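Below you will find the structure I want to go over with you.
To keep things simple, chains are lettered A, B, C, D and E as they appear, and every chain counts its residues starting from 1.
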Amino acid sequence: MNNWSNFTKGFIKENPVFVLLLGMCPTLGTTTSAINGLGMGLATAFVLVMSNLVISLVKNLIPDKVRIPAFIVIIASFVTVVDLLLAGFLPALHEQLGLFIPLIVVNCIVLGRAEAFASKNNVFSSVIDGLGMGLGFAFALLILGATREILGSGAIFGYKFIGDNDGMLFFVLAPGAFLALGYIIAIINSLRKA
Amino acid sequence: MLKTFSKGGVHPPENKLSAIQTIEQLALPKMVSIPISQHIGAPASPIVKKNDTVKVGQLIAKSSGFVSANIHSSVSGKVIKIDSVVDSSGYKKQSIIIDVEGDEWFEEIDRTPELKKEIDLSSEEIIKKVGESGIVGLGGATFPSQVKLSVPRGMKAEILIINGVECEPYLTSDHRLMLEKGDELLVGTQILMKALNVDKAIIGIENNKPDAIEHLTKLTKQYQGISVEALKVKYPQGGEKQLIKAITGREVPSGGLPIAVGAVVHNVGTAFAVYEAVQKNKPLFERVVTVTGKSVKRPSNFMVRIGTPVADLIEAAGGLPEDTGKVISGGPMMGRALSTIDTPVTKGTSGILIIPEGESRRGKIYDCIRCAKCVSVCPMGLEPYLLMKVTEMQNYERAEHERTMDCIECGSCSYICPSNRPLLDYIRLGKVEVGRIIRTRKV
Amino acid sequence: MAKKLESTFANMVIVLTAVSLVAAVSLALVYNITKEPIAKAKLKKKLDAIANVAPAFDNNPNAEMFKLPAFEASPGLDSLEVYPAKKNGEIVGYAVKTYTMKGFSGLIELMVGFKLDGTINNYSVLAHAETPGLGTKMTTWFKNEKKPKRCINGKNPKNVNLTVSKDGGDIDAITAATISSRAFLDAVNRAYKTLEQGGKYE
Amino acid sequence: MEYFVIVISAIFVSNIVLAQFLGVCPFLGVSNKISTSVGMTGAVIFVMTLATIVTYLINDLILVPFDITYLKTISYILVIAALVQMVEIILKKVSPSLYQALGVFLPLITTNCAVLGVALLVIQKDFNLMESTVYAIANGIGFGLALVIFAGLREHLDMMNVPKGMKGMPVALITAAILAMAFMGFTGMV
Amino acid sequence: MSKLLTVSPSPHNYGKDTIKSLMYGVLIALIPTLLVSLYFFGIGALIVIITSVLSAVVFEYLITKYILKASPDIIDGSAVITGLLLAFNLPSNLPVWIVIIGALVAIGIGKMTFGGLGNNPFNPALVGRVFLLVSFPVQMTTWPAPIQSRLQYLDAVTGATPLGVVKEGLRNGEQVSELVKQIPSNMQMFIGNVGGSLGEVAGLAIVLGLIWLLYKKVITWHIPISMLGTIFIVSGVFWLINPEKYMNPVFHIISGGALLGAVFMATDYVTSPMTAKGQLIFGIGIGFLTVMIRLFGAYPEGVSFAILIMNAFVPIINLYVKPKRFGEVIKNG
C-alpha cells in the first residue's frame, strides 16, 4: 500500500466514525460545536500518532502475551499527556471536553490501530496510518460538530448568523447527536454506493 | 345469552341466498369422474377396470389403509377409463370415469322413503358399516368417519356433538338438510351415539337458522339424549375445536384431538349419511350441494351424485354468469377456487360459489399497520401478523415457537386485514416448512 | 528485522515493569512541566470571573477571600465566599460567589459583583443545569442594558424589589422560565443580604 | 433518600448511554438481540461495581495521599483490564454456568468506556464509597435498561421495511435519538 | 370453457375494513376537537392546522417520491392524521416556519425514516411535537388565551396552562387551595375554555371522538381506559397523601394532554402493542409515567414523553405478552 492512500483512507473510505463506526462515545459526546469536535478529534489524533509511533518502535521488545496491557499503558500515558497539556494551555477546551479526554484511552480506534497496524508495520507507515486515521476521526467530528452547531445554535465556529435567535436546541442536546450522526452515516452510505 | 366460543372470530356478511330453496334432485349427468382420493389420508385403490359395467352404489375403489375410505359408484354404466383429472385442489388426481347408462341401483339398497328408527346393529357393526359405506366428514374436512368413531384405547367419549353450525357465508346445504331430513339425521345421531357408547348428543346450530333450531328442537323430544343448542353467530364456529369450546367450554389441547376432552364432532350431513348407510344400506355416493352467488340466477340446493361436473350444477342454477371471476368449491372463507368448472363434485363439496370479477381479487397489499385486528380475530389465539413475518424471513424455528401449527386456516385474519395482507397464505407456507422440520426431527 | 521477544514469564514481567516505569517517569516529567500552567490557568479563570463582575481592582481578590455566613442558608451550604476588590488599597466593591437551590434542576451558582453601596455591578453564571433555551437564558437576560425592566446591573436591591414582576417585583422574568428567573433572583438576593448581614455596605 | 436520588438520576434522568454518551459502542454493537443484551447487562453491572469500588480505594488510599492524581487514567485503566481478566479466570473456576452466560462479554468490557467513565465520575462528583457503589450499580442498571429497550426496538426494526439506505446503523442511531429524546421527559425528576 | 378463472387461496371473502376506512374513521372522530379548537383559538388555530396538515402531506409525498423513489400513496389519510394530531399538540400562536419544521420532523424522521406507515416504532406526531418542545421551548410553552385571542395569531394574548400554573405555584411553595383559585373550573377545562395546545383543551369533544372510535370499532377501550384509570389512581393516591401539595385526580384527567393522548395518540395502531393484555400494560405505563413527570419532573406536562417512552417498550411487550393460545390450558368445565 502506498503511503498516500494509507494516509487518505481514513477520511472517507475507511473513516473510523462514518464507516468503521468506532469511537462513538466521544463522537457523540463532544460534538456540540465545530470547535469542540475539532479539538477532540485533534487530541485523539495526537494520541493516535504518538502511540502508533512508540508502539511500532518497541513492538519487538514486547512479548505477545503482554502486548495488550503494554499498549494500554503506552496509550494511557499519552492520554494523560494530552490531558495535562490541554489543562495547562487550553483550559476552556479542556473544560468543554471534560471526561472525554481520559476516555480516549478506551477509544477503540486507538487500541485498534495499535493492534491492527502499528504492531505489524514499520515506524513511518505507522505514523502515516495514525495521522490518516486521526485526521479522519477529527474530520468526522468536525463535520458532526459543525452540523450540530449550525442547526442547534445557528452558528459556525462560534459565529452566529441568525442574530439573537436560538437554533433548534434539539441538536445541541444528547438526542441531536444520535440523530445527526445517523443521517450523516446514511448520506455517506448512499454516496459511497453511488 | 347464547353460547359461542370465547376467543376471536369474525362476522362476514351471511348472504344465505339459497336458504329457502328446497333440495332438488339434480338430473343425472352424462358422465361422471370419481376421484379415488376424496378424503384425507391414503387414496383408495381402484377395483374396477376399463369397460367394466357398474351399478349405483357398487364399490369401485377400496380403502387402502387405516386412514382411507371406500369409494362407490354414483351412477350405473360403463367405466371408460381410469385417468388423471383436475380436481378441486387444482392438481390432477386419479379418477374413475364412468359413462352413464340408465340408473340401475345395487339391489341391497333400500330405496323406500320410510323412516327406520330401530337400530339393529351393535357398536362395532355400526363402525364397520360406516367404514364400508365410504363415509367421510361431509362438512368439508373429509376425514374418514369410521376413524373418528374408533375411540383410541385409554380414552372415553363423553359427548357427541353434531355440527349444524354452517358458519360459512352463502352455504345452506346443512341448513336445508336439517329442515328436510330432520328425523333421518336424528336417527343417524342415535346411531353415532350407539357407536361411540355415549348417552348425550348436542346439535349445535347458529342462531341465524331459527327455523332449523325450532324444527329440530321439536323433533328431539322423541329422541332420548339429543338436544339442540342455539349458538351466537360467529365464524368459524363450525371449526371442530371452536364448536367444542362453544358447547362444552372445553379447549382441545394444542396438538391434541377432540377426544382428549371427551368430545366427538360429526357434521349433520355425516349423520344423515350414516343413517342412510346403516338403516338403508346406502353407501355414500350423493350429497347436498349449494350452488350460489350474488350473480347466480337461481341459487339452489341440489342432491348431487358424486362425480358430476360442477358445470352441470351451474347450468341447473341458471348458467355461468358473464362476469364470473372465481368459482369456489366450498364457502368463501375456506373453500377452494377452481381452475375449471369441469371439476367433479366430490364428497367434500358442500357448495359451489360463484364470485363476480369485481370481488374476486384482493386489493393492493400495504405494509402491516399493526392494527392488531388479526390477533383479536384469531380463534386459536395466535398472532397471524407475526407468523407471516417470521415465515417471510424464513425463521421457521420462531414460527414453530409461536405455534404456527395450531392454525386451523379459517382465514379470519386475511379476511379482517385492512392492509389486504396475504396472512393465511404465508402461514400455510410456514406450516408446510415447519411440518417438514418436525418430521425430520422425529426421524 | 529483529526477532520478537519470547513470551517467557521473566520477559513479560520485565517488559511490563519497564513500560510502566518509563510511562510513570515521563508522566511525572510532563506533570511537572504543566503543573504551573495548570495552576495559572485555574487562577486566571477565577480572577477573570471576579474581574468580570466586580468594580475595577488592582489587588488579588482571590488571596484576600473570606467567608461570610450565608443569608437563609441551605443545609450544607452555610457560608458564601466573598472576594474584596481593592483599588490602591481601598475597598471598592465585592464579588460574591452565591447560590440558590430553587432552580429547575436544583443548584445554580452565580458570581455577583457589588459596589460599596450595594449596587449590583455585574454577574456571571458559574454553574447550572437549567433547561436549554429557557433557564439557560439567565446568562445574558438580566444584564441586557437596553431592556431596563430585565437588567439588574446598576440596580440596588435596597430600593429595587428584586423579584419577578409576577410576584409583585420589579424585574421581568425570562419568557416561559419564571421558575429559573425566581431562582436566579433568589441567589442574587442571598448575595446582597449576606453582605448586608456582614455589615459590608457603607 | 440520597441514595434514592442517585439511583433515579443514574437510571432515568441522566442515563449513562442516552444522556452521557458513555458505553455507546456496546450499546450500538451488542444490541441486536434481547438475549445477548441481557447477558451484557449482567456483565457490565458486575464489572462496573467492582471496578468502581477498587478504583475508588486506589484513588483514596494511594493517588491522593501521594499527590499523584495525574496517574488516575493510567492506573484506572490498568486496574479495569486486570480486573476483567481476574473476573474471567475466577468465574471460569467458581461458576462455569455464570461464565457461560457472561464470559463472551467480559473482554468487551475493558474497552467499554462506561466502566472507566463511572470510575472517573464518582471522583468528580465527590461521592463516598457507599454512594459510589450505589452509583455504579445504578448506572449498570441504567445501561442495561437502555440496552434492553434498544435491543427490543432493533429486533422489531429487523422485521420492518426500513428503506435500504437507512438499514443498520443509521436507523439504529435515529431510533436511539428518539429514545434519548423521550428520556428527556425525566428531566428535573431529582 | 375458454374464460380463465381466478385461482387464489382462501379466504375469498374480504372484510370491509381498509386502511383508508380506518383512517377516515379517525379523521371523523377528530372533527369535534377540530371545531372546538377553531372556536376557542380562531384564526391562529386555523393557520396552524392548515400549515401542519398541508406540510405533512407535501413532505410525505416528496420523500416517498424523490428519496424513497416509491409511488406516493398519501390518500390513505395517515399523513393527514399525523399533520392534524401534530397541530393539535401545538399552541395556536406558533409561527408557521416552526410548524413546518415540526411536520418535517414528524413525517421525515418519525415516519419515513423507518419506511413509512406501519414501520415506525414511535408516534410520528409526538416525535414532531417533542422535537419542537425541546428545540423551541419558549414558543412551545406560551399559550394563547382562549376566545380572547380568536382574531389574533402571533400577537395573541398569552397565558399559562393550568398544569403550568400548578407546577410553577407548587415549586414556589404555594398551596393547592390557593392555586385552584388561579385556574379555570373543572367544567371550563372540560369544555375547553382554557389555555393549552389547540387540540388538547377540548375534553368533551375528545370524549365524543372516543365514543365514535369505540362505536366504529376503530380502537378498543384497553389503552384509553387503562391509561386514564392509572392517571386517576396514581394521582389520587398522592392527592390523598397530601391534598395541599398534589392536585386532585379529576384535574389530572381533564387538564393538559391526558385525554387527547389517551384517545388519539396512545391508540395509534402502529406504535401500540398487539394484544389486549399488552395494551393494558402499555396504558398503565403511560398513565404512571405521565403522573410521575407531572408531579416530579421539570416539564409541567408529561403525556407526550410518557407515550414515546412506552412506544419504546412496545417491542418487548409484544415479545413477552402473548395472547392466550387456544388449548394452552386444558380447562374442563
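Rule of thumb we're sticking to: a residue touches a chain if its C-beta (ideal position, glycine included) is under 8 Å from a C-beta of that chain, and two chains touch if they have at least 3 such contacts.
All values derive from a computational prediction rather than experimental measurement.
Student: Treat each pair of touching chains as one step and give the shortest count from chain D to chain E.
Tutor: Step count on the best path from chain D to chain E: 1.
Student: Which neighbours does chain C have in common with chain E?
Tutor: In this structure, the chains that contact chain E and also chain C are A, D.
Student: What chain lies farthest away from chain B once each centre is taken as the mean of the Cα atoms?
Tutor: C
Student: Mind naming the chain pair that shares the most C-beta pairs in contact?
Tutor: Ranked by contacting C-beta pairs, first place goes to B-E.
Student: Name the most central chain, where centre means the mean of Cα atoms.
Tutor: Here the chain at the core of the arrangement is E.
Student: Quick check: how many Å separate the C-alpha centres of chain B and chain E?
Tutor: Inter-chain centre distance comes to 48 Å.
Student: If you average the Cα atoms of chain A and of chain E to get two centres, how far apart are those centres in Å?
Tutor: Roughly 41 Å separates the two chain centres.
Student: Counting only Cα atoms for the centres, state how far chain B is from chain C in Å.
Tutor: 86
Student: Measure off the straight-line distance from the CA centroid of chain C to the CA centroid of chain D, and report it in whole Å.
Tutor: From the centre of chain C to the centre of chain D is 32 Å.
Student: Identify all positions of chain A at which a residue touches two or more other chains, and write them in rising order.
Tutor: 69, 73, 76-77, 80, 84, 166, 169-170, 173, 175, 179
Student: Chain E: which residues touch two or more other chains?
Tutor: In chain E, the residues touching two or more other chains are 109, 115-116, 118-119, 131, 134-137, 298, 318.
Student: Counting only residues that touch at least two other chains, what does the list for chain D look like?
Tutor: 70-71, 74, 161, 166, 171, 174, 178-179, 181, 184, 187-188
Student: Under the stated touch criterion, can you name all the chain pairs that qualify?
Tutor: Every touching chain pair, ordered by label, is A-C, A-D, A-E, B-D, B-E, C-D, C-E, D-E.
Student: In the complex formed with chain E, which residues of chain C make contact?
Tutor: Chain C reaches chain E through residues 102, 104-105, 131-134, 167, 175-179, 182.
Student: Where on chain A is chain D touching in the complex?
Tutor: Per the stated touch rule, the residues are 21-26, 28-29, 68-69, 72-73, 76-77, 79-80, 83-84, 99, 102-103, 105-108, 111, 170, 173-179, 181-183, 185-186, 189-190.
Student: Flag every residue of chain E that touches chain B in the complex, lowest number first.
Tutor: These residues of chain E touch chain B: 1, 3, 5-15, 17-19, 21-22, 73, 76, 115-119, 220, 269-276, 279, 318, 322-333.
Student: Mind listing the chain E positions that touch chain A in their complex?
Tutor: 101, 109, 131, 134-137
Student: Considering the complex alone, what residue numbers of chain D touch chain E?
Tutor: Result: residues 34, 148-149, 152-153, 155-157, 160-163, 166, 171, 174-175, 178-179, 181-189 of chain D touch chain E.
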